[in-house]
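Before anything else, here's the structure in question.
When the chains are written out, they are named A, B, C, D and E in that same order, and each has its own residue count from 1.
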Amino acid sequence: MNWDVIVSYLPLYKDGLLITLYTGWFGILISIVLGLVTALIVHFKVPVLKTIAKIYIEILRNTPLLIQLFFIYYGIPKLFGIVTDELTCGIVGLGLLGGAYMAETFRSGIEAVDTIQMESALSLGMTRRQAMFHIILPQAVTYSVPAFVANLIFLLKETSVFSCISILELMFTAKDRIAVSSTTVESLFLVVVFYLIVLLPVSIIGSVVERRLRYASFGN
Amino acid sequence: MADTVLTINNINKSYGDNLILNGLSLDVHKGEVIVIIGPSGCGKSTLLRCINALEPIQGGEIRLDGELIDGNSRNIAQIRQKIGMVFQNYELFPHKTVLQNIILAPMKVQKRSKDEVTEEAEQLLERVGLLDKKDSYPRQLSGGQKQRVAIVRALCMHPEIMLFDEVTAALDPEMVREVLDTMLELAKNGSTMLIVTHEMNFARAIADRVIFLDGGEIVEEADPEDFFTYPKTERAQKFLDTFEYESVKHHDNEY
Amino acid sequence: MADTVLTINNINKSYGDNLILNGLSLDVHKGEVIVIIGPSGCGKSTLLRCINALEPIQGGEIRLDGELIDGNSRNIAQIRQKIGMVFQNYELFPHKTVLQNIILAPMKVQKRSKDEVTEEAEQLLERVGLLDKKDSYPRQLSGGQKQRVAIVRALCMHPEIMLFDEVTAALDPEMVREVLDTMLELAKNGSTMLIVTHEMNFARAIADRVIFLDGGEIVEEADPEDFFTYPKTERAQKFLDTFEYESVKHHDNEY
Amino acid sequence: SKATDADKGVTEAVADASNNADNGDSDDTIYRTLDQIKKSGSIKIGVFSDKNPFGFVDENGEYQGYDVYFARRIAKDLGVEVEFVSTEAANRVEALQTGKVDIILANFTVTEERAQQVDFALPYMNVALGVVSPSDKAITDLSQIGTDDAVIVISGTTAEIYLEENNPEITLKKYDTYSDAKTAFENGQGVAWANDNTEVIAYANTVDGYTVGIPKLGSDDTIAPAVTKGNESLLNWINDEIKYLADEQFFHKDYEETLVDTYGKDYEEELVVEGGVIK
Amino acid sequence: MQALVTDLGFDVLFKGTNFTRLLGGMWVTLKISLISVALSIVLGILLGVVMTFKNPVTKAICRVYLEIVRIMPQLVLLFIVYYGSARLIGLKFEPEFAAVIVFTFWGTAEMGDLVRGALQSIPKHQYESAYSLGLNRSQTYFSIVIPQTIRRLMPLSINLVTRMIKTTPLIVMIEVVEATKVARQIIDANRVASPNAAFGLFFVIFVLYFAVCWPISLLASHLEKKWSN
């Protein structure tokens, strides 16, 4: 391992890190919004939209992100003749994929809340909307936390696939350095270190929150 | 004759092809305590759920103070406020403290002021001996305590009628007693109540009228003393027998 | 004096600093039915679990047919065969059919032939009215049916003594009856049994001797008739009172 | 981009690192000697599989192209089976250094840096960098490239290395594979595509609407087979082979078999290097 | 219609052996996933049992292992095993073999954690009733606990197969010729004849992956529902 090489690479990896965080952050943001909307559509069985939502979830969950990105990045311009910016494609792709995962997470969170909770809210004279807002959702969110954290980590990791559509995130930075200078060991060492910097805190904070919630676990 | 609070008129209820309530009628008067008993699956819970419009009915009608109860009507939330319900499984909201559980609906639904409701809630909690638990979360309470909070939560809405569905079925015997004592006190104070229970001694003590349900129909309707000593129908007799045991031992063998 | 099957001699049991059983002694004779009652948390379940060596004890000793029961001894599996136990939660093995549940232990542990055990199992199932369910899986049975299978499963090992820990606590009243009837029949046929229950009528009908446990000690030990009519101790009286209710209604108001 | 500063400093350090590695590896060789290859009966040759007309796979699943043609001949003269390993530009050095292949015959441009990491045999083709762009917005000089524009390169190619070093102000869009770069270029992801001029010429010749605005960038280079550093027996054999093949004008024949459809006759003398001798 | 087929490059698919090759690429993917899952199940069961030990050392080791798998992108692991191992310890792996190593490394961790969860989710009562019937520890384990665990694991491990299949396009980076690589080869070989083949091929690959993964997902959720009670 050559430390001079490592030091000279640090700025490049810092850029890669920022891109990983930037795309990951926006992708996750989209996936949360999309996931919540989709979960509510499925839960409330909104006609037509429900079918679309289910198809969306099944398709996105059963195909690799890499292929989805290819399709968005290389395929769609061929079809419609529009130029797509790679960062946008990456973020949209991650958001779409994450939306499908988040939808499942939120939906099972909502389902984990006993129907009797809804019924007791109703028998207290609350409207469905009040019950959803005050009773069901706050609990559903807590039930969803472990799967949510797992999704966060999964989606952040998935940004490593972006190298295939020319986004110079951490993994591509490493690959490119290996290609240009054959500094395999140093490049891989740095990529591991930088992924640790990104993901270890998420993982640790996630575990702590999970444990807190499990300790405070609801019901009897 | 006291005022009639609740009128159930010839209702039918089925799940799919399965007829659960078959042309059932019942009037509940103000201040009356009715205990509904009957074998498992005879439709007791279903009846209470229909009254609260948690289940749609397929025929007949249910009226509270003359107003039709219909799950699809716009003012159903309005009517439900007047019906307090306590379920078998302590269905407190786990993410809220005891006090928050109680004051949520009066504040959100009845738009009463927080201070006023809190004061009332505390008085009620005091009455059931749980004032010191007001800031606890449901998970920190025993089953009996949870049920008493559930009762207070329903009471705090000033319902015209209270429905109890086997509220002690999931409790340890000790706790059964504390919950039933709370209900006895309510009865003493003149609340109108419809109670489903399997505690025969309790039923006898609290009821103004006992309704024996079987196969979705009211088979017998009687004064508790009469019902428990000389049931008129054979089905009721058979049901009551299941709570009696013939001694199998002669107690003549000396150890 | 009949033979003593089980001897419990001055046992102590604690969880951490919490003393649960405090110098408890008890002899069980062959063919005797002992019912243990007492408030929740008084140590009834713990006692049964200690007898079966599912919990280690900190002092005293328990002997079955003179043999010491010790969870760490090599032949504990040997001794456990002679003790049948049925728990509150139907603990059938969910991945095996009713028949497989019953014949597993006799075959694996007692190395009896499959045909012989199957025949006996079928006879026992017939007796409890469940022969037609022999190929069903536990999830296809009602709670009461599961408990009867659990009893058959224990019986099929030919235990010297049967332990029952609130076997009906989680059941609907109808099912309570069918399970208790099965136990009454066992008692009639001379099985040695140690029963924890909260069904006082049943206790009175089945017991040769009632043990009232409180605070980890035997507070009262008596013939069931004596115990339920005139308990000697105040604690027992108070406990029994929790099953009685004073009527709150005068039944003078006419509707 | 920022890569350049880093890389300037790095080149020497890298050279050190790989030399050290080589010393360490010298006895438990990571490569297979000529004898070992012959004995095993097959040779692994790294070629491109998506780089028409140099190395690609036809619709029958057969490897084809200028490099492949040569590779088959090497195997034939060695008397062994050829096993083609599909390789990416970015992985060529790595594949040799880790012994995944015996020879790289994948349009591998000879550079000083690379020569410190692998051993090049005699060249068999001339190459320079070229830049292709859409005919209606032809780029004829790098200065035409605006700050918002991007130039497409393939990761690990001499084009990438050259532009990072000499024109750090130009934004590069990097792709892993040739076909991704090509598709991205056609989709308009970049104003130009910098690559070996052999390839950009081939591209412009076969696809309508594109021009090679800059046919030569940087120095003239050559393309040569490469083996793992230190694999002298194999290296010498290949050199002898290339010299020997000059007699039969093998690479001209190769050109006519594989490249003439793309380039026509005009480029033959310019591209082909026969017998390892650069004119 | 004809124009569309040519325009988007679907016609390229049926040239020569192209489609068979594409399926062959898919098969590489499936093969690697299935082998890895099979290995992961075996190793995962062992790991899961080890994870239930109360020994602090094994606990810590397992924790670190799980955490590595949890936070390292599979692509990083592939690079480390394929290139890093050759550099650091001089081991030469075939790319497929390296992929199997990485996928198994990952799958074992996931299976191990699932097995641990399944073992710990068997109610205490199941052990106790087995003991009170006189079954000893190993009889209890083999007749009662393990069979119940396997039922819980089945749907989850099937799910793992789809997740591995979905990760396989990454192995093109370590030079395995799988479906996406075949697609690129076809795109390039036909760049003159069919300049828009990229759309058609990526669409077909998209459909192929869905056709493979969706039934497996359905099977998993079917089993999950069937065995949940």
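Assume a contact is a pair of C-beta atoms (placed from the backbone, for glycine too) under 8 Å apart; a residue touches a chain by one contact, two chains touch by 3 or more.
Just so it is clear, the structure is predicted and the values come from calculations on it, not from any experiment.
Undergrad: Can you name the chains that touch chain A as well as chain B?
TA: Shared contacts of chain A and chain B: no chain.
Undergrad: Looking at the contacts, which chains touch chain A and chain D alike?
TA: Touching chain A and chain D alike, sorted by label: E.
Undergrad: Tell me, please, which chain's centre (mean of its C-alpha atoms) is farthest from the centre of chain A?
TA: Most distant chain from chain A: C.
Undergrad: Between chain B and chain C, how many degrees of rotation does a Cα superposition need? Round to steps of 5.
TA: Superposing chain B on chain C takes a rotation of 180 degrees, nearest 5.
Undergrad: What's the distance between the Cα centroids of chain A and chain E, rounded to whole Å?
TA: Once rounded, the distance between the two centres reads 20 Å.
Undergrad: Counting only Cα atoms for the centres, state how far chain B is from chain E in Å.
TA: Here the centre of chain E sits 53 Å away from the centre of chain B.
Undergrad: What whole-Å value do you get for the distance between chain B and chain C if each is reduced to the mean of its CA atoms?
TA: For chain B versus chain C, the centre distance works out to 33 Å.
Undergrad: In chain E, which residues are in touch with two or more of the other chains?
TA: Those would be 83, 87, 173, 198.
Undergrad: Indicate the residues of chain B shared as contacts by at least two other chains.
TA: If we look for residues of chain B contacting two or more partner chains, we find none.
Undergrad: Touching at least two other chains at once: which residues of chain A meet that condition?
TA: 74, 78, 163, 175, 178, 184, in rising order.
Undergrad: Touching pairs of chains, all of them, please.
TA: Chain pairs that touch: A-B, A-D, A-E, B-C, C-E, D-E.
Undergrad: Can you list the residues on chain E that touch chain D in the complex?
TA: 15-18, 20-21, 83, 86-87, 90, 92, 95, 173, 175, 177, 181-182, 184-192, 195, 198
Undergrad: So in the complex, the part of chain A that touches chain E is made up of which residues?
TA: 58-59, 61-68, 70-71, 74-76, 78-79, 153, 157-158, 160-161, 163, 171, 174-175, 178, 184-185, 188, 191-192, 195-196, 199-200, 202-203
Undergrad: Residues of chain E touching chain C in their complex?
TA: 123, 125-126, 128-136, 139, 143-144, 147-148, 151, 229
Undergrad: Spell out the part of chain B that touches chain C in their complex, as residue ranges.
TA: 1-2, 29, 31-33, 39-40, 172-175, 177, 180, 184, 187-188, 198, 201-202, 204-209, 223-225, 242-249, 251, 253-255
Undergrad: Can you list the chain B residues touching chain A in their complex?
TA: 52, 54, 77-78, 80-81, 83-85, 87, 89-91, 93-95, 104-105, 108-110, 137-139, 143, 146, 150, 153-154, 157
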